[in-house]
């Protein structure tokens, strides 16, 4: 259940309303937006009477029952999009519908110091805000390269210092959270662990921003419920990342990139959205058009695999761009993002700024 | 097997080369492009020796073996994108990678004269080039509205005259081809009939442009093979239409719109591509962002369901735009298409013309 | 809506009840079972009042509203399983839950007279009741063997005469119905044509038994609705054949054989059920265990591909059994069918006859 | 690479051969079967020359290269089925192709002492060998019942003592392994954690038998690779459990039970197989026929959810059998298992013992 307060409700009145609701044995969570304050009610809200709640204060504009199984991640719970702000050496970066497109780039796995530092510098120069790179790698085979682990974390730290980029890297084991969180600016929960509920609860207990990848055959509801685990554990900083789902045809593309999930998520949740066309298609050739399509579909950020020498990559070579093709892509990303009014630089006077997308 | 001739090969030499190849018991098909002539060899080409073919003439630039099961639809067979030109009362409309985005719009089914004529005029005014509308409707239930059949064809004809738009309508039965072809400018083979091989052969025997929708769970290869049936029957005018595939999650979107299939098709075939986000998502709210994403992914055309009163539509109401929201969409389609250099009007001097998409 | 009459309702009373209901502008269809008569009401039954119907006669035991979109195929419409009886030269063969397991065997396609006649004789000797064999073949590629067509029909007729087996063969084109029906005892509508509604309506207009294969990604409801098209056209003789659905993993098995659909169908429809593990798995090695599993799951019949020389088959060789392995399989089929009380020979005194399956 | 030794190879010679191979920088693992000894070679075997290995000893019968990505779980690695023996208070229970069908039964989650002890006694009396019951429950929603955790483990221990049944329960967090292993006879890795590689490595480091459920959309190869993680970590006691995969139609059955995976697995791996029709279908009504079908398909064991009062179950009620229907099911399981020669009691003299299944 959601209680929406009128603009200008005095602070003391907000406290009083919360207290009154508390007395009915439910938990309250405040979301303070630019204009409005929304109080989310959690717990056994089935027993509450909406009209009685309404009568608590004349400052209550509306009482809404959330009929979805997810509460804290639901659109209604915030009355507007939320922003996840991530501090990086180069400054704060904001993910969200009201902010420019954020691009995350880097190799599948951290291979050695030179490659990760150079890649970081290249992608930074091209306009990326974050470096991705795996220290711990989930690999289908126990005999495949499993990532360099702790030593790779040190290399990521060097790349962070050298480039000023924020770091996004995957956490696979609850035992590694502290180590990984010491280096990473965003913790990634991978597709295979999307329903590793122990891990979700524990990353929820940190304050770190979390990138939650969609499970390979997760429904939208299962994905939002996984995010709900993190929010329910106290961490509201979740970004949802579509990375392709399992389809019936894997002859040309490795996965089916479900771009329509972008407007679907937008209609259901306030959380920021990322799209990863590298895993989504599995082939470098298809990555640039799908990056541009993702922007047009409304994503807030992009994740792109870049490797200095894809042919020699220890993992995911076929889907990695070279630094050169990434630079070209970033040029196109900028043009299309500007068309949608979502690029950070001051808009060029000659550029058409696209109006808000039609809503039906 | 494909034989590529050098620019400027004399006509008689082309004939001589074809004759020589004929003598080896294979069929030849010529594709005459702007700069080059390509001869496709069909039949028992496994027995042919590429080097011997090469020696037939010094004008032969290259002999390529096509290892894919589809031949005539393959990229190699044409050495470049093909264009499907459709004559309409308002003039020829060209579908293809080198032409502006073509928009097809209209209701799921033809309900009565007023609604179809008015819809035609509205979508024409907004920039559509074709009117879609079902006369014969494939419906899951035998008790559901099956389309008005022949009388609907007459109404489509009236809408064609009133608006000058080309007509696209579905053909479900080989027995109806003549009747439907008398009115339609493009014959649509629906998703459920994508592997109705009797129908494919018979529409292949007409000269009409064919819109071949992807089967609900057709692999890319099966889809291209279905197109190959039409080309093999003598009709090269095929447009491929992605309209969503069956996925595991139908709670929010009716189908999974496989937008990555656009660059996949581009790498495999020379045929023009259409995307239908109305069937692809099943919900009007998701149609505009997915139209824009389809353009960014590289589609050549769009199909959009528009109904004067979606709430009262006899079929597919929830996925139909109102004429008003279609007009807004067309505005956005124009802006994004211009960004990609694919809008028909003379480019506005102030507009950035986007360079060719990065190729990796 | 269904009206169930008490046992012993006089014929004239049945007529009177039907007449009364007719007067309310709905269609009635009688199903006369061993003990009960059920009257199905079709048309605008939403307007009818169940209690008023009940009062028409004291012989009316029950009035049931069918809330499913399929009516004539629904379990409720018959109050018990239906039987499809097919006359063959060797006598009538009954398909249905109350009858022994029926085995259909034969090659994918009719290749020549010797192979089809010999195969017929071998599978007949082993216990099959029907010969399958394709005259018209739906093939993914236009360049693949398309079946010998009309001349193959003649060969099937010869095999029929030589073996006394009934013939099951596929119909792909409405134009061929008469020709095929002249030879076939059962017309097969293939997976790719399951939603070819023109074809469904036309085979529904014949009196022939129809084998309706499940579409490659048809939901249970879509499949039952396709059957409903045939029944609605006047033909109640439909057998439903599960033949594997499209899954995400085709590395080892070609399709996913959905055996659980057998009890699902049993709970929803009165129609007889067949399972085809040859197409369902695509590999001869997996066919025998899945035949036995299908019997245990409750199927009424089996379809098995048998070829005298699978390695040289013109189509579907890898999934075809040799006549020898088919004989071994039939031995096992008999043992398992007897365990379930579903084998035609007089039960051996030493055999445990299995009680009716537990219902929960 | 696999080295198969002749029957009767002396112990010292086996040691000498292993030593010689070691010298080539690969690891060896011995599997001692009833008649033969097989030495598995692991590591950089690509560099080895099969003929050179063959010449190490005249006792070497065969040298086989395993081309699959999984090695230790592959059929070739053992030359025959493996058996997982689990000690329980009632004695050792053997899982494997050469042993009787083992039935595991019990509730989804442990609710209280009375229900779990009574259920244990009821299913034991009906013929089950193991009690299943969740202490830690993976639930889609953070607000759903998450299992009683540690206190439930104590209740499982009481049920174990009261019934003598072995205990199978799920492990979700690497931090809980010790606690769970103190009570459980078999540790279950659930579908959602099938690719939680940290967990796989850690359960691989225990000696406990592991029940590895198939991930909701895991390919056969991914599943076998997950098992390979456990074997590679030193634990050969893995049982593979099919529990339904995600399909496109969830209207009637919750998942698609992939029974054909049983013969597929049999052809690829030596590991024992279990089938769980409760999760596989999601509906109690479909569980009994699918249990019998699973036996006919060749499974080695069954997992069945049983709850004293399904309507009031805290989780998975709709798919749970009552104790009464479980008793009926066990009767049928016994009859069908006997038909396949896979029931533990002395075969009844009147019973047909089924010959080995046909191999094609």
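Each chain carries a letter (A, B, C and D) given by its place in the written order, and its residues are counted from 1.
The criterion applied here is as follows: contacts are C-beta pairs under 8 Å (C-beta built on N, C-alpha and C of every residue); 3 or more make two chains touch, one makes a residue touch a chain.
Small disclaimer: the values here were computed from a predicted structure and weren't measured.
> Taking each chain's centre as the mean of its C-alpha atoms, which one ends up farthest from the centre of chain A?
For chain A, the chain whose C-alpha mean is farthest off is C.
> How big is the gap, in whole Å, between where the Cα atoms of chain A centre and where those of chain B centre?
Using C-alpha averages as centres, the distance is 36 Å.
> Please tell me the distance, in whole Å, between the geometric centres of chain B and chain D computed from their C-alpha atoms.
50
> Could you pull out the residues of chain B that touch at least 2 other chains?
Within chain B, residues 217, 221, 246-248 contact more than one other chain.
> If each protein chain is taken as a node and each touching pair as an edge, is the resulting graph a line, ring, star, complete or other?
Graph shape, chains as nodes and touching pairs as edges: complete.
> So in the complex, the part of chain A that touches chain B is made up of which residues?
Those residues of chain A that touch chain B are 217, 219-221, 245, 247-249, 251-253, 256-264, 267-268, 277, 280-281, 284-290, 292-298, 321-322, 325, 328-329, 331-332, 335-336, 339, 348, 350-352, 354-355, 357-360.
> Contact residues on chain C for chain B in the complex?
69-71, 138-143, 172-175, 192-193, 195-198, 201, 216-217, 221-222, 225, 228-229, 232-233, 246
> For the complex, give me every residue of chain A touching chain C.
Contacts found on chain A: 217, 246-248.
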